[in-house]
Each structure stands twice: as structure tokens, then as C-alpha cells.
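Chains here go by letter, A, B, C, D, E and F, matching the order in which they are written, and residues are numbered from 1 within each.
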Amino acid sequence: MRPSGRKTDQMRKVSFERNFSKHAEGSCLVKFGDTHVLCTASLEEKPPAWLRNSGKGWVTAEYGMLPRATGDRMRREAATGKQGGRTQEIQRLIGRSLRAVVDLQALGERQITIDCDVIQADGGTRTASITGGFIALHDCLKWMEARSMVKVDKVLKDHVAAISCGIFANQPVIDLDYLEDSSAETDANFVMTGNGGIVEIQGTAEGTPFSQEELLKLLSLATNGIAELVELQKQAIA
Amino acid sequence: MRPSGRKTDQMRKVSFERNFSKHAEGSCLVKFGDTHVLCTASLEEKPPAWLRNSGKGWVTAEYGMLPRATGDRMRREAATGKQGGRTQEIQRLIGRSLRAVVDLQALGERQITIDCDVIQADGGTRTASITGGFIALHDCLKWMEARSMVKVDKVLKDHVAAISCGIFANQPVIDLDYLEDSSAETDANFVMTGNGGIVEIQGTAEGTPFSQEELLKLLSLATNGIAELVELQKQAIA
Amino acid sequence: MRPSGRKTDQMRKVSFERNFSKHAEGSCLVKFGDTHVLCTASLEEKPPAWLRNSGKGWVTAEYGMLPRATGDRMRREAATGKQGGRTQEIQRLIGRSLRAVVDLQALGERQITIDCDVIQADGGTRTASITGGFIALHDCLKWMEARSMVKVDKVLKDHVAAISCGIFANQPVIDLDYLEDSSAETDANFVMTGNGGIVEIQGTAEGTPFSQEELLKLLSLATNGIAELVELQKQAIA
Amino acid sequence: MRPSGRKTDQMRKVSFERNFSKHAEGSCLVKFGDTHVLCTASLEEKPPAWLRNSGKGWVTAEYGMLPRATGDRMRREAATGKQGGRTQEIQRLIGRSLRAVVDLQALGERQITIDCDVIQADGGTRTASITGGFIALHDCLKWMEARSMVKVDKVLKDHVAAISCGIFANQPVIDLDYLEDSSAETDANFVMTGNGGIVEIQGTAEGTPFSQEELLKLLSLATNGIAELVELQKQAIA
Amino acid sequence: MRPSGRKTDQMRKVSFERNFSKHAEGSCLVKFGDTHVLCTASLEEKPPAWLRNSGKGWVTAEYGMLPRATGDRMRREAATGKQGGRTQEIQRLIGRSLRAVVDLQALGERQITIDCDVIQADGGTRTASITGGFIALHDCLKWMEARSMVKVDKVLKDHVAAISCGIFANQPVIDLDYLEDSSAETDANFVMTGNGGIVEIQGTAEGTPFSQEELLKLLSLATNGIAELVELQKQAIA
Amino acid sequence: MRPSGRKTDQMRKVSFERNFSKHAEGSCLVKFGDTHVLCTASLEEKPPAWLRNSGKGWVTAEYGMLPRATGDRMRREAATGKQGGRTQEIQRLIGRSLRAVVDLQALGERQITIDCDVIQADGGTRTASITGGFIALHDCLKWMEARSMVKVDKVLKDHVAAISCGIFANQPVIDLDYLEDSSAETDANFVMTGNGGIVEIQGTAEGTPFSQEELLKLLSLATNGIAELVELQKQAIA
């Protein structure tokens, strides 16, 4: 019944390719089916201006899409002269989500920037970015640990991963691809930790409003899916 | 226990001053306590380019803050040369929320722009904007009805209102003011219709992640609060 | 003969609502008939870079219009990405006018920003901004005096107020509203001090050029009008 | 007593070099002493969008300064990414001043752009731009007349020229150079037609406010100076 | 003697991965050693405005670098708000180079945009972009041929490829990597067709000027290298 | 056979007018026939940020065109809000070319900015800018020498000049004017020192690719032309 033939609670094949980039302190090419996002972590040995002398560091994120990551070519934001509202919304979400599992005090006065660049898009780019961005962040901290700058276990308090769920053809389903996303009645993104705590929930009725029961069904799908993603993250960094 | 002395389920005093603006087709100064937002509805007799010849119209929103609406003066976005990420996120939310109760086909090939300008801010500006923006939109449609352009009842499918809830000092509370907002562990915005359907839910853990139980408590507070707001809207436009 | 029925030397009803804003060090909602401008004064405890270590401070102004302050909705300058030429011209005028009565040495190394935001426009927004901006500036200095930072009488050398005059239907008239302004042959703005000294005069022939005699008639109208405005300012801050 | 040794009512040497530019329909290098401005007139065979099908044309102006036209190098506005407030104020003034002597109906649905680029600055660049811009505009209309597009006498209703006057060392003087301009107490720009009608007057007190008597003295100086400039214009285009 | 141990006339390992992108009409991941560039070709069924009704089409290129493609993270151009001078220079070069082998008349009134996005940089990104961009362009034309829109052989007149050469440690060498590039005395980029015709040559003395003899040695290295690249292109698209 | 009647190896009349600008430390109006460029050199007593405490200085260039320097009026880049790709390409070339003959260590921690503003364009503006920019740079250094800041002979290592050559109507010709430039098959710009060393070579096939033999013919024309330009520079600064 889903265009891809998947079951309602079945995510696409997820994979992490670590150390994808030669230069970055941490990097990961994450794939959720045909959605491919390159996440890199860049360490800077000073925090943003407003954190100077606070003893605390910062984790931030930037998001971009290659112009032909999508079915129709989109205008390059660098050529347009500004990042659109959607881009800004997404990169703020990624940053908030990753910071939720970081002890900024333990990080010290440094900044780590997670760049999430969508190489190919097929729905769910923001949730893939968070899930893969965690790996890049982890590997950057490992790189720092190897140089005695931090202890990974002190800085990273937990795992964090994200998944989208939605109501498609009157059925709650997990991990919407582009086809589903563009005709779903309701679309919700969930960000959760390894312990199952909710970091962020964003649900939007595209057509008719949804009910509390529907929200709970989506939350249940997401809880299972994110547990699975955290498991995959653990295997990847083992 | 709340800085304002309010009970956990007590909203601030809410008021709507209709026809605040001499020029706009619809307008409303909405107040949630010390948060004051001027909402105006402007009718344009042609839809955005991508809806030409579709028979459908559009409702969109823009959001701004006067530089000294806040405790510290913020730089004027017109002087900065761009709207920040937060502004864009909020105006996209307001637009989506209002469109959820509009029949765009019944509106016809026109555009209504809801401008929400924060005159004074004390937390909850986006939810006040949605709640007051509904009144401005309604009054604009009334103005059109008086000119035989539309039937209000055909275009407006339901009421829509919004409220923020959060976990402050370990307690779920409704309608956070600035003091609460800046130290809340969790902050969630709810947009719901008169029928109790959920249009949008955005929950963020500022500190520790929150649980499904906490989410449900916030949702319950919001459901009651929004019912009350819809009642106030009904009185205002009676 | 005037659309409003006013006499040629009759200004619109002028009022000042002090302390309009909860946050600003000084604020005033000034009304000239249907022209309503919110003026706030924001104190910053350091001067602009080019005045560091000069012992002198600065007073500057910014001006904006809400998109639907006017009969037709105007594009939001923050969305356009820049302030138009008219906006910049006006805010430079307001700043110059207020500085004309300020002893910058007595102010000390600080900056006061006067934000003038037009809530509703019906002609004369720049002269209302100057006249009301003076009240906001005064109240900001009072706030500082209460904290032993300055003496108001040392910093403020005089009152300053402004009015527009013009030739409408071949008659010199004072305080043009929008209807008059858009068809006046000549339009002139006058800024004067409490002592009757001229701070700024800007006269423009919209249609046929004007003569020295006409200029003097406009100046005479303005002199009387500004004396009246200064009187109203004195009552307001008494 | 003036730094240049000029008498109070003595302008600098003024000259017009017509046909300075090979490409433009009209052009003029105007010099007021060491202030040199290149004015070109460019004809476009369609009016701005808002005048389509109105039967009327438009005359507009743009103003720029070469980065090292001044004593200290100024940042190039093209590199900064926007035209400053001063630039916009000046180009709006030039456009208004020239339009005051143009019959836009007789011009027909066309646009003439007057570019005024300051090659070297020594005070009075805006008044030189207006005075020289008139010559470029005239020559462009001559070029059009030679092609039977318009009659110069129908389009140009009169001459227009401009001069600055000010109070320097307590004395009203005409045509301030940079040295005078930077320490004048009052600075006023006058734009007048060949018939002595006032098109624009902009007077600003830089130090103490000025009186009506002082204004009249400046106006008297300007009236004589502009009559002289118009005479020079007539000789130049004879 | 070269840091990589390569011989002076030895290029890095070059590979082309066609159909890298699911959505684009043509795409190719080109690698010159550690320099990896994703080239996509996007077809648009209308030409740029200035070619309407000319019967001719257009091929253009855009270039970008992921922020962490380089050793130090570079600011994202979309966040900066404009494309830097280097980016614009490179994308103009890529476009000119590809158009040199395209019959724009045979292409018809369409536009093909070649996006070259550097995933990882180690010197020579512009020459890799041209060489790989040719493959993407070819595959896009194949896609069009399959839909009877064009004949590839009519549109593509020849192959085109590019290589950099330079004088490093006093020796002419081919295909500089980043280490060599940053200390080379002379750096030259060559673009040539399959027939050995020169399309573009850009030589720059970074240190001491170079002589005609040195230029000829670099040209000779490039001629051989480009012949080899064209051979690899032919194998790739066979 | 050339539109201007010049021989294939004949440059246009070249002249240098030194001290064109009253304010700049060095300035030169350079003319190559109808191409007129004003070059000014501006000294700043601190280097760019990235050279602080390096003991070295910097020479940079900016390039602009007056809007009506060309046959059709071009939009003013300051109004557009950014410098186009062509402008940036040219100003980077001018800067690189001039730095090739400057000992930045001997200059000391200062910056000289060469502004090249095209007053009138008829082809070859970038090569005229380099050739005239050298004079402005030289004169700025002379100005500094007169103030015991540097020794001109220590800072300036050689002359530098530039010329364009191209293949027009199947013939290699030197110093293309606009008519030739717009229909040349190949267009190449050469920058060389007084000693005949090549600083920069940029050759582009506009139509069919060119051969090594053609390149050598253009190089030979350029070598002679630049020797002549250097001779003219020597006479000018003698």
C-alpha cells in the first residue's frame, strides 16, 4: 500500500559511512534509502563571541542542498544571496537536537560546526541529518580525545536520532519518502535520545487536523524507529 | 510559585481590540498580558504567481518585532538587511496555522496577508499572533462578504487558536511569560481548531528531554486553554 | 475648503501618550490626528565606535512603517532586504533634529537610539516622529537622571518640534494630512526649537515652483504651529 | 576671510564641458572649482513600469562618488553592497529637481537617466550635479530632437540650477567648498529655475539654530548665484 | 621530488562515476586523486531570456564547495550572502569551456546547467569540474536523444577536458595537488578539445615571472595530459 | 582591414595624465584610444588583518565602470547590490599583476589600493587599468619616498604593463577595440614585466579553438607591444 511496498512500521535501509571526508575531524555519509546526506564536523578552537570566558563551548549546524539533489533543480542559495526560511528552520533544529546530548561545559571553550549537505534527497533530509550528524559529532570528539582535549563520555551524554512519521492514506507510517511526504495528511518529525527522552517533536497537519490518538500512534512508531536507529549508530561507532 | 502568581492552568488576561487600524480590511490588537501584537489583514485581488488560473487563493503571514518590543533593543531587521531564522520560522508557522481553517478554493484567486507586528513582547508572541491573526482574517472576510466577494462561512471552516505550554520548575504550566520561558525546561506550542483538532505541535526540550507523559500533560493544558481562547474569539466577533 | 474642514492655520488634534512601552527607557505614542507613531528611546552604555574616548555621546534615530500603516500595503523592508531611500532620508532627519538640542558632551560616552515606528499613517509621519521623539528622549534622560547618570537640564538645551506646511488649493495651510499631501503644490517641513530657532527647513515644489513670499507664509504658519507643539510638549512632561 | 580668499558672494569658477562622453546621448563634465562631476544622460525607449500606457515619461537620476574623489578613500558602494543614505538622498534630490522643469507628457513614454558621478569632490557635489545634469538632459533632448522624437522647447519648461549657501564664521557665504562646509554653522542648498522660482530648499543648522533673517540672507545670495549659473548654462548650450 | 612521489608528467588517478545522482538528466562523480567533484546536468525546457526566439540554447555552469571540502572549514557562501570572486571566476570558466564544444543552434531553445560541487578538494578543482562536467553534459544529451529531442553528435562537436600544470621546485609538472599548488612559482590551467585545439589558457606567475620557454613546456605537458583525459572520457562513455 | 584602419601590430594612441586627482597619493588618467580609465592609488597606514605583524604590506585593486561608460547604459553595481563576476575577475587580475613587481616586505605594513574606474570604454579596459595602475602606484611610492617612508627602487622591482591581442578576421592583431573584441575568434590578455617576463596570460577561444602557433603569434605581438608600453611608462614618469 505504500508506494515503496514497505510495511507501515518499516524504515528504509539506513547506513553510515564514517570517515567519508579526508579533511574533517569527523564525517559521515548517512543514507536513508535514496536520501543521502554528507555530515562533517569541524572543530574550531574558540567559541562564539557570546561564550568567551564562560568556560563553555558550542555545537552548531548548517544545512544545505546541492541544487540538483531534488527532482527539479533548485536555485543555489549562494547565488540567491540568502538562505531560505526552510534552510534556516532545519539548521536550527539540527543544532538544537545535537546540543541536547552535549555537555557544553565539558566541551570547553570550543565550537564544533556540523555541516549537513544533502547530496541526494528523497524525503526525510532533516531527520537523516540529525541521525548522521550525531556520528560526525561523535567522531570529532573521538579525534579530540585522541589528542587529550576531551573525554568523549564526559561530553556526549547520550545518543540522539530522529525520524519522520506521518499519516499517509489514512495510515500512520514511519520514515516517509518523497512520494509519501508530498501527499501525507500529517507529517511529524521526532527527535529522541538513546534513553527514549523526547528532544523535539514537530507535527503539522497538511490537510485535516489530527487527533491526540493519531499523535500517540505516530509517537509510538517513532519511539521504535529511533530505538532501532540508535542501535545502528552504536554498531557504526563500535 | 509562578513568578506572576498565576495557577499552573491559568492563562494571562487575553483581549482583542478589533478595527485597530484605519486602513486594513481587518485588524486586531491582541494582548496576552504584556504581550501586545498588532495583526492586520490586507487583501490583494490577485493570488501569488504559482496559483494563477488555479481557481484558488492564498493566505500568508509576515511577522516582525519593533526594535524595542523587548527588554534589550534588538537590531531592526530592515537595517540588518534580512529577516532572521526565528522570524522566518514564526511567519511560516502563522501562515500554515491560518490556512488550516481556510478553504482556499472558496476564497478564490486572491491573497490575504496577515501582518503580525509585536508592539511589546513578554513571551508567547507567536501564539498570540495566530490567535489574533484569526480575528483579523475573519474581519477581512467580513469586509469582503459585505462587498459580495465571498461568504465567510464558506471560506472559514473553523476557528484556530494557539497557546504555549511548558515545564517550569518541574511543573506543567500554560501560557509562559518571558520570565518563565527563559528558564523553562521544555517549551511547546500548540495550534488547534475550534473542534479540538491539532493543527501544529512543536515541543522542544531546552534542558533535559521530556517524556510522553509530560507531553500529554502539556497537551491537556493546551486543549483546555485553546478552548477558552476560541470562546473569547467567538465573543469578540459576535 | 480643506478636506478635513480645518482652517488653514489649524493643526490636527495632537496628543502624547508617555510610557507606552514597558521596556524602553523612554517612550511615547504620538498622534497627529490619524497619524500614530510609537517613539521609543533606548539607552546603550557605549557610544558609536568613532566617538570612543572622545568624552561625547550620540543620539541617533531609526524609522519604520508597519506594512499596513498605509492605505495600500507596502512591502516590509526587512523582507525586501534594505531600507528604502525615503526611510533613510527620514531617519537621518530625525536624528539631526534631535541632536540639535542635545549637548553631546553632557550626555557622556553613551548612545540613545530613538525608534520611530509608524503604526498608522495619514501624512506628516516625519514631523510627528520628531515631535514625539523629543518626549521619548526627554523621558529617557529623566530615567538616567533618576540613576544619577546625567542632569536633564545639562543635556537638553531646548525643546524641538516639527510641522509640515504646504500650498494646497493655492492656499498656505499647516499640518497636511494624506489627502492634502498627495495633491499639494508645495510641501515643506520645518523643525524649530522652543526659542524659535530654525533647525531644519525642507521645501519642495511638487508642481510649479514657489516664490519667496510663499516660503515666508509657510514659515510663519510653521512658527506658530511649532510654538503650539512646544507648549503641548511642556504640558505633557510637566 | 574665506579660506579660498573669495568674497562672501563669490562663487568658484564654474565650467561646463559638453559631449565629454562618446557614448551618452547627452553628457557634461561640470566643474565648480575643484569639484568635478561627470553627468551623462541615457535615453531608454520605455518608461518605468508604473507609467506604461500613461502617455508620460520619466526623468530619474543616480549619483555616485569614485572612491578616491575625497581626501580619504571611501569604501566603494558596489563593494559594500548598498548605496548609503546620503547617496540615496542626493539622487532623489537631483531627480526631483530636474523633473521640475520637464513636461513629462511632452517627453512621451520614455525614460532619461541622469548619472552624476563625482570624479573629484571639494564641497557642493549635489548642487554641481543638478546644474550640470541640466546640460546633459538638455543635450539628450537635442539629440532626440535631431531624430524628430521631441521638441526641446516643449519638453524643457525652464532652466534649473542649484547652489549651496551657508553661514561660515558668522557670515553668510555662497558656494561653500569642503573646508567651509565642514565647519559651517548652517548649510543650505537651493534649487531654482531660470524664472527665479524655488524648486527646493534644504537648510540645516549644523551648530546653533538659525533665524528667519539669516535664511533670507542665504536665499538672497542663492538667488543671485543661481541667476549667474543659469546665464552660464545659456552660454554653454548656445 | 614531488610530495606525492609522482613523476613530473604523471597525473593523479582519474575516475568517472556516471549516473551518480538519481534525479539529474546527467551526472558524474569525477575524481582526480583526492579531489572529488560531483557534476550534474539539469535540463530546462526554455533558454535564458536574452535567447528567446533566437533558435539557440545555452549551457551554463555553477560551482560550489562544501564548507569542509578543504583543510580548514570555509564559510558557506549561502550564509555569507554572496558568491566570492574566485567562485564566480571558476563557474564562468567552466561554462565557457563546455560551450566551446556545443552547437547551441543544434541544442535548440533550451538551457543545460552544469552544477559542479566540490565534495573534497586537493587542488585542481576547476579542471576536474570541466573534465567531469563534460561527462554530465554528454549524458544529459544522451538522455535527450533517447527522447528524440536532439542528436548527441549534432550538439557535441568534440570532447573537452582540462588540466593544471605548474612550475614546482623549478620543474614543470602536471596536475598539481594542493601541496604543490600552494608553493608553485607558476600555475597554469589549460582547457583543450579532443582535436588538441586550445579553448582556454590561464597562466599566472605566483612568484617570479615565467618565460616563453617555460610556457611552452607547460603547454606540452598539458597537451599530453589532456589527450589522456580525453581517452579516459571516451572509455567512460563507451 | 581593421575597422580603425590600424595595422595588425599597431596599438592605439596611448597617453598617461599624471596627478589627475587632487586628493590621491598617486593618480593617472590612462587612455588607449577611446578607452579612458582613471587610476588612483590610496595609501593606508595599516595592512589587511591577515598581514598584521608580518612585516609585509599589500597592494590591492578595485575596478568599476561608470554606468554610461559603454554604448548601452549598464546598471550601477552599487544599485544592484553586488559586483558582478566580470568586475571581480578583473580586479583580482589587476591586483595580482601589480603585486608581481612589488616587494611587499620593502613596502612594510601598509596597504595601497589601486582604484581603476572606467570613464569611457572601447575595449581593453583591464589592460589599460594595469598599465595605468602601475603609474598611479609608482607615483604613490614617490609620494611616500618624499616622506622618507620607503625607497621606490626597493619596493618596485620592475615595470609591469598589459595588452590584449586576438585573432580578428583570421589575423592576429594587437590592442583590440570594442568592435574587434566583440567579433574576435580568440581574445588573449598578456601581462608582462619590463624584463619581458610573463606575469599573466589569459587566452580564450570565443569561436573555434586556437592552436599553439596562433598562441605564439599573439605572444609575439604582445611582447613587442608591452615593450612599447613600458617605454611610454618610462617617459611618463621620467
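Annotations for the structure displayed:
One rule holds in what follows: a contact is a pair of C-beta atoms (placed from the backbone, for glycine too) under 8 Å apart; a residue touches a chain by one contact, two chains touch by 3 or more.
Quick caveat, the model's predicted, so the values are computed rather than measured.
Following the contact convention of this document, no chain is adjacent to both subunit C and subunit E.
For the pair subunit B and subunit C, the fraction of shared interface numbers is greater than half, so the two copies use mostly the same residues to meet. Comparing the centres of all chains, each the average of its CA atoms, the largest separation from subunit F belongs to B.
More than half of the contact pairs of C-D, counted by residue number, reappear in one of B-C, A-E or E-F; that pair is E-F. Between the Cα centres of subunit A and subunit F there is a gap of 50 Å. Taking each chain's centre as the average of its CA atoms, subunit D and subunit F sit 33 Å apart. The geometric centre of subunit A is 59 Å away from that of subunit D, both derived from CA atoms. Residue positions 81-82 of subunit D are each in touch with at least two other chains.
Taken pairwise by the contact criterion, the protein chains form one closed cycle in which every chain touches exactly two others.
A single ring links the chains, and its order as traced from subunit E towards subunit F is E, F, D, C, B, A. By the touch rule above, subunit E contacts subunit F in their complex via residues 82, 84-86, 88-89, 91-92, 96, 100, 188, 192-193, 195-205, 208-212, 215-216, 219. Interface residues of subunit B, counted against subunit C in their complex, comprise 21-24, 27, 34, 38, 40, 42, 44, 62, 64, 66-71, 73, 76-83, 87, 113, 115, 117, 119-120, 122.
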